[in-house]
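All chains are identified by letter, namely A, B and C, in their written order; residue positions are counted from 1 within each chain.
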Amino acid sequence: MIAQLVFVGLTTGAIYALIAVSLNLIYGTMRLLNIGHGDMAMVGAYISFWLFTLADVPPYVSFLIAPAVSGLFGLLLYRGMFAGLLRRVQGDAVEGSSLLVFFGISMVVQNSASLLFSGTPRAYRYFDGIVEFGGIAVTESRLVALAVAVVAIGAVLAFLKFSIWGLGVRALIQNRAASAIVGINVDFAFTFASVVGFALAGLAGAVISMYQAVTPFMGGPYTTVGFVVIILGGLGNINGAIIGGLVVGLLETAGIALTGPNFRDLLIYGVFIAVLMLRPQGLFGRKGAH
Amino acid sequence: MKAPSWFAGPIGGALVVALLAAFVVPGMAGDYGIEFATTLVLWIALVQSWVILSGYTGYVSLGHAAFVGAGAYVFILTWGAVPFWFGLVAAGFTSGLLALIVGGPCLRVRGPYFVILTLGVAEFVKYAVINIEASLGKFGRLMIGTPEPVDIYRMAVGLAAIAFVMALVARYSRFGVGLRAIRENEVAAEMTGIRVRWLKVGAFGLSALVPGVVGALMICRTGYFEPLQMFSPQLSLTIITMCVAGGSDNPWGPLIGALFLNILSELLWDSAPELYTVILGVVLVFVVLRMPEGIYGTAVKRLARRSRKAVPGETTP
Amino acid sequence: MTALLEVEAVGKVFGGLVAVSDVSFTLAQGEIVGLMGANGAGKTTLFNLISGAMAPTSGRVRFEGCAIEGRRPDEICRRGIGRTFQIVKPFPGMTVAENVAVGVLYGARRRTPSAREVAAETDAVLAEMGLSAMRDKLAGELTLAGRKRLEVARALASRPKLLMLDEVMAGLTPIEAAGALDMLRQVHETRGTTMLVVEHNLRAMMQLCQRIVVMHHGEKIGEGPPEVVIRDEKVIQAYLGAQA
C-alpha cells in the first residue's frame, strides 16, 4: 500500500517536475513569469489527442511533434514580443509586465481552443494496460509518463552541465549582468530557454493526455502547481524544481489518501502559502542565491 | 500637492453623476439596460477599490476575488438573520478584516512573490469555504426575497460612488503620496519617514471593503451563492485587465478601463463569449507592450506634450 | 555644545565578514563632519546603521541622548535624521515637486501640515536647492546632478537636524561639484543643519568639513581637523596601501 502510494506520488511528481523545470528555465534566464505555461501543456495535449483520433498517430510520436509545435510557439513569442520587452524594460518591471502579457496570451490560447474544439472533455485510450510488479499495480501510461519525464529532465540537465552553451545558460541564471560582460551570448540563452521551456510544456501535455481528459481549461491547475513547485524549490533554481516537483507529487498523493480528494487543493495551497511566507527564497535556496 | 478644496469638484461631480444614474437611468432603460448598468457599476466599484493598493503602491494583487467571495459568504450566512443593510456592512467589514489579517504577512514579500502569494491565498480561502460548505452538506445556497433589480442597481451606484471617492481621496491625499512613494522606491520612502508597513496594510484593508459589499450585491442579483463562482480567479484577472487597460495610477484610468471592457463585453458576450475573452487577451497584451501607462495615462501624456510644445521658451538644463 | 549624535563602539558583522568594527565618534550641534576612507572601508554601512537601514551587531547609536540603534528607518527619519544614497533613489515616476512634498509630508513634524503649508514649504525647498524651474519634471528624467540635488532637497524637506550625505558630488563634473559644494555651505549657513558627509573629493572635504573621521577596513583610524588628519601617518599609509 505504501509502496503503491509512493510510486503514484513519484509519477505525478515527475510530471510536476517536468513542468516546473521548464517554467523555471524561462523565469531563471529571462525573469519572465509565464502564467500561460499550463496552457502550452494543453496545446500539447490537444495535438496528441487529435493526431491519435484523426490520423492514428500513436502518442509516442506525438511526444516529438507536440514539443516541436509548442517550442516553435515559444520561439515566435520570444522573437515577436519578449526580445523587445526585455530590451526596453528592466528590473521588477519585467516580471510584472511579463505576468500580464502571459495572462493575455493565456486568455487567447484557452479561448481559441474553446472556440475551435468546444469545452467538451476529450480522451483516448493508449497504454492503458496494467502492469504489476513487487505488489504495485500501475497503468502503462503512468510508467511511460515517468520514463518520458526522467529522460527529458535528464537531457536538459545534461545539456546544462556538460555543454559549453549550457554553461552559458547556467551562468546567466546566476547573474545576468555579469554574464553579458564575460561575453555569454544572452540572446542565444534566451532563445534556448524560450524554445526548450515551451517545448517541455508541450511534451508534458502530450504525456498527460494519455491518462487525463483534454479540455481547453486543463492548463490552469498545472500552471498553479508549477508555481507552487518553483516557489518551493526556489525561483530560478532548476535542481530545486525537480526536488520540489517530487515533494509536491508525494504530498498530494499522501494527502488524498489520508484525507480524501476534497482537501487536495487546500493542502497544496496551504503548503505554498506557508513556504512563501516563511522562506520566500525556497526550501533549498539561500538568501540572494539568485 | 493639491489642496483639499480641490476634492470638492470631483466629489460633487461624482455625487451628481451617481444621483443621475440612480434616478434618471432606470426611467429610460428597460430591464436589459438596468442589468447592463448594474454589471458596469459593480465593475467600476471593484476596479476603484483595487487601485488603492495595487495601482498606487505597485503591489499587484491577484487575490481580489477572495474579498468578493468572503463578503458574499458572510452575507449569505447572515441572510435572514440580520437586517439587509447590516448584512451589507458586515460583508464589507469582514473582507476588510480578512485583508488586515493576511496583509501583514503577505506584504512582507514583493514583486512576483506578492502576486503569486495573493493568488495562492485567494485560492486557499476559496477551497477552505468549499470544504466548509461540503462538510455542512451544502453545495451552493439559495436566497429568497432579494431586492428588486432597480434597488440593487441603485445600491451598486451608491457603492461605486463611494469606491470612486475613496480611490480619489486616497490618491491625492497625504496617504496617497506615501503609497506612491512606496511604489517608486520603498527603501527611500521608509528613509523619508513613511511608516511603510502601516500604509501598505492600511491600503490593503481599505481596498478590501468595497469588494466585500460587491460580493453581497452580486449574490443578491442571482439569488444564489456558489463558492467556485464567487471566488473565481477570473474575477481578479479581469479587474487587473481593466485597470491596466485604463491605467492604474489614478481613479480615472480604471474608470475608463471598466467602461471600455464592459461595452466590449456587451457587444460580444451573447454572440461569442470566447471571442470576447480572446479580444480581452489581445487588448491586455497590446496595452502592456505598447502603452504601459494605459489608455488614460497615455492620453494625458500626449496632451501634456502637445501643450508643452505650444508654450515655447521653456528650456531644460 | 551638546552632542547631537553619539556613535559608541558600533560594529556590524555580515556572516563572517566584519564590515564595521568598534567605531565611536560624536557630532556636535551644527557641526559638519566628513567621513573618509577607501572603497569598502565601511562608510556606507555606517550610514545604514545610523539611519536604521540595518541594525548594528554591537554598540549604541544615540541621537539627542536617545538610543536609536535597531529602530525603523521611518522613525529615525521622523526623529530628525535625513540622508541621501550613494546610488541615488529618487521617486522616478513622481515630479520633482512631489518628491520634495513627500519629505515635507512625512518628515520630522509634530502634526500633519496643511495643504497650504506643504505647498509653501515645498516651494521654499525647491528654491533653496535651485530646482524651481524643474518642479514639474519627472524625477527619472533629471540628469545625475539633478537627481543628486533632488535627493538632498527631499532629505532637507523632512527638516532633519542631522543630514547625512553619501557621495553627493561623486560622478559630477567639476563645475557641478562646485555648485553642490556652494549649495551645502548655503544650507549650513541658513539652516545650521548638522551634517555628516561621505565624499572622495579631498579638496571639497577640506573646504566643507570642520572635522574628519577616517575609516579603514571597518575601523576608525583617525579623527581631527582636516589639515591635521591628512598629514597623519596612519591615514596616509592606509590610503597608499589601498592604492598600492
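For this structure, a couple of remarks:
Basically, a residue touches a chain if its C-beta (ideal position, glycine included) is under 8 Å from a C-beta of that chain, and two chains touch if they have at least 3 such contacts.
Being a predicted model, the structure only gives us computed values, none of them experimental.
Compare each chain's C-alpha centroid with the centroid of every protein C-alpha atom shown, and the nearest one belongs to B. At the far end from chain B, in terms of centres built from Cα atoms, lies C. Measuring from the averaged C-alpha position of chain A to that of chain C gives a distance of 49 Å. Once the centre of each chain is set as its mean CA position, chain A and chain B turn out to be 32 Å apart. With centres defined as mean CA coordinates, chain C is found 41 Å away from chain B. Every residue of chain B that touches chain A in the complex is listed here, in rising order: 58, 60, 105-106, 108-113, 115-117, 119-121, 123-124, 127-128, 130-131, 134, 233, 237, 240-241, 244, 272, 274-275, 277-278, 280-285, 288-289, 292.
Here chain A touches chain B in the complex through residues 33, 81, 84-85, 92, 95-97, 99-101, 103-108, 110-112, 114-115, 220, 224, 227-228, 231, 235, 262-263, 265-266, 269-270, 272-273, 276-277, 280, going by the rule given at the top.
On the chain C side of its complex with chain B, the touching residues are 51-53, 72-74, 77-78, 82-83, 85, 89-94, 97-98, 101-103, 105-108, 112, 115-116, 118-119, 122, 133-134, 137, 143, 146, 154-155, 158. Across the complex, chain B meets chain C through its residues 1-4, 174, 177-178, 180-181, 183-185, 187-196, 249, 316-317.
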